[in-house]
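Inspection log for the structure reproduced underneath, given as structure tokens.
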Amino acid sequence: MTDLPQITSTSPISGVKSRVLRHKGMMIGSTIVVLVVLIAILAPLIAPHDPYHQDLLNRLKPPVWDSRGTWEHIFGTDHLGRDYLSRLIYGSRISLLIGIGAALISGIIGTFLGVMAGYFGGRVDMVVTFLITVRLSMPVVLVALAVVAIVGGSLQVVIGVLGLLLWDRFAVVMRSSTLQIRSMDYVTAARAVGCSTTRILMTEVMPNVVNNLIVIATLEIAHAIILEAALSFLGLGVQPPLPSWGLMVSEGKDMMLFEPWLITIPGVALFALVLSVNLLGDGMRDVTAPENRN
Amino acid sequence: MADQVLNVENLSIDIPLSGDILHAVDGISISVNKGETLCIVGESGCGKSLTSLAIMDLLPQKAVRTVDKLELNGSSILNYSDRQMSDVRGSKIGMIFQEPMTSLNPSFTVENQMVETLARHRNIRGKEAKKLAVQMLEKVGITPAKQRLKQYPHQLSGGLRQRVMIAMTLLCEPELIIADEPTTALDVTIQAQILELLTRLQADFNTGLILITHDLGVVAKSADRVAVMYAGQIVEEGSVYEIFDNPSHPYTRGLLSCIPVPGKIKRGEHLGSIPGMVPSLIGEFTECRFAGRWGDTLGKEEENIAHLVPIEGVDYAFLVHGTTDHVVRFCCNSCLKKSKSKISKGVN
Amino acid sequence: MITYALKRSILAILVALTVSMISFSLLYISSDPAIAMAGETASDADIEAIRELYGFDRPIVVQYWEWLKKAASGDLGKSYYFRTDVSHLIAERLPTTMTLGLCAIIFAIGLAVPLGVASAIRPNSIIDRVSLFLSVMGQALPSFWFALILIVLFSVNLRWLPVSGSDTWQHFVMPTIVLGYYAAPAIMRLTRTGMLEVLSTDYIRTARAKGLRPPVVLFKHALRNAIIPVVSLAAVQFGFMLGGSIVVETIFALHGAGFLAWESITRNDLPTVQGLILAFSLFYIILTLIADLINAWLDPRIRIG
């Protein structure tokens, strides 16, 4: 027998693995995200001080790199003398909680609507598309602010409001990916052999849209985090004395001309977290669907 | 030769992959004369389309072209700059693509897309350009031409679009037309019409035509000469009669055995097939590209080694005993050896 | 085209009606307007009187219908805080926000489209990397923080631009940058992917095979097709900017509709908030309607269906 030329192939999993390791943005993003998650979980262990403890005698201490700074308060203290580093550490909990909570709620709403629209088409699709259009035409920040103002600002309210407002992208993406999968031969085959709709949705459709779902969820987490910070900054999000990063910027802005670190520290933290969650999301999209890249 | 339109010698196209090289086209040479039709036949992936793009210098950016000679009308266009090449494209060499549905820009009218070629190469604009466009549309059988000019591609059927493509290509009266599977995407009835149109216009304008196809029916109908491509190389070249009546390369024989010919194939008899797969073109070849794909390409009498008489001066070629025109050629020495052993086994 | 325009307009009207319903119920169900209007010192009898006077005791559907009829004729009620007509208030503030939004979207398009095109022409080149960097940054930069940093940098340290107010064009520079940079990444990405996609199409190969010069191929044949989805996105982003204007106008004390929104929300001025939600939504709906019609006109496949 003659030898056929070697057909080289890599298994899909090892392909993804090597793409992950080669994807610089994703490596940086996931490292920072993991770090922030660890900090949030271990906050009571690593925070040097009680984030709510006020010490009016030690107000506005500058951070350690300033000539007036001390190692006692590495990132200094705020206008009420609370340790800035500890507040920053506890603040990561709020950002993550709101990001994940809001993405979870909006993910459930959006996925349900999107998959229904994509799978059943026709009237269902018309209604869902209409709902998406309505949702998109309502200004998120304004509606969120108004609701928070009426109901009162708290962690739960902010999560709920953002969750109810951010489902549009889930619905859009899930709708189009379900639509695509529905037209695949294997779904037609499953229908032809008489599988129930629920079964087809769970075993044929969902596993194939789950990649997209995770990517959108990641990007929406970042979106929710940044919106929460904006709401809290405007005074209509998470309420004091909770250490939200947006609130910290807001509290520091009156003194930003004299003590600029009051806004740079929480701002950089916010920026770094949102950036790395985005990098992680973009990276996952590139890695799981290299053919869709660019 | 004086009336040679195109002469390509030793053309290779390499596509670098991560860590390896794909030798898509490997040292092929072709030439076309005025008024002549050269058909390049081969299965998908053998490098036919890349060859045509290489002649136009329109290869994808990462593909690397190496060629010894690239002559148009006897003068070399090998070292032409991008600018010079763009003067050649559409003016001296025209190209027709496979997909008429997507080869025209959906955002512009037929007129717009036809006239811009004239403006670019012949500096003809306005009324005169429009007049020429109308004339050309009429020549390719589009009526009413004036109304069609105002239409957008999506308003035309596939056959009409391909006619528009042909008209557009002929506007500047190129000396060479490269048609890359021009009929593959069309309905069978339309295919014949388009093909007929193409060969008729080619005769009218006395242009050279390179017709790239995988359809041997198309070849039989329109070719003067045929080049059979396999795995990046031309394995056999000759006049259409030579190729059809007396194919020498086993691949050509294999291809021909796959066509049902009324009268020749008896009811119930199996059509031929070529066993195995096209080898991967990544990396270097250590052995013959056709190894392992011989199948039943040898005829009954040829299987008897005693019937094969070596031909002097031609490698691996044999005359079948008792005939003067029946040539059997092997692609390489190793295939020859393997076949010989197989044949002798059959004899024993 | 006319059928399409008609269908699209009906959809827009339906969306507008739904939004009006939501914004009406959102604020009227969640709190008692009679209490809010009467003020904190009012007695129960006063509240009851107000309730009857304004018809808050009638069924919600009737109230909505009355409100909608008035809203359609431009009467959005009276502001609790400013004591003037809400429609008058919004009309007074809207030009500032429009100016800001227009400047911002022009800034965003001016930044994003050329960069998107350039990076599609030369993928993985330096310009591609720079624009990728800019877009990744833009998506992660909280606009309120970016605004504060700009103030510290350009107003306080360099003293080039005024900190706040809305009197001169200089007042609009920083808000425009903040708001525009927020919208730029999405436009840039879409331009790039659209352009990449179009550049690999058969008709671009045809255009090249015809010997057309690269600028003609790029700007006539490619950009015309790649720009179609960008038009929609730009309209959507322009609509989103009104929402974003709340944050930006608040920080720069730019007296536009966004600032009004913040003022009325913090003062529990429900009719104004309601009017603003309606106004912003309507603006978005009209904007996307126009964008879709422009698209239809740009794309002959829809125009001559």
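By letter and in written order, the chains are A, B and C; residue numbering begins at 1 in each of them.
FYI, contacts are C-beta pairs under 8 Å (C-beta built on N, C-alpha and C of every residue); 3 or more make two chains touch, one makes a residue touch a chain.
All values derive from a computational prediction rather than experimental measurement.
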item: Greatest separation from chain A - chain, by CA centre; value: B
item: By number of C-beta contact pairs, the top two chains; value: A-C
item: Distance from the mean Cα position of chain C to that of chain A, given in whole angstrom; value: 23
item: Geometric centre distance via CA averages, chain C-chain B, whole Å; value: 55
item: Residues on chain C engaged by chain A in the complex (per definition of touch); value: 11, 14-16, 18-19, 22-23, 26-27, 30-31, 123, 136-137, 139-145, 148-149, 151-152, 156, 192-193, 196, 236, 239-240, 242-244, 246-247, 250, 261-262, 265-266, 268, 273, 276-277, 280-281, 284-285, 288
item: Touch list for chain A against partner chain C, complex; value: 25, 130, 133-134, 136-143, 145-147, 149-151, 222, 226, 229-230, 233-236, 246, 249, 253, 256-257, 260, 263-264, 267, 270-271, 274-275, 278-279, 282, 294
item: Residue ranges of chain C touching chain B (in the complex, touch as defined); value: 201-203, 205-214, 216, 221, 224-225, 298-301, 304
item: Chain B residues touching chain C - in the complex, by the definition given at the top; value: 56, 58, 82, 86-91, 94-95, 97, 99, 102-109, 116-117, 120-121, 152, 154-155, 165, 168
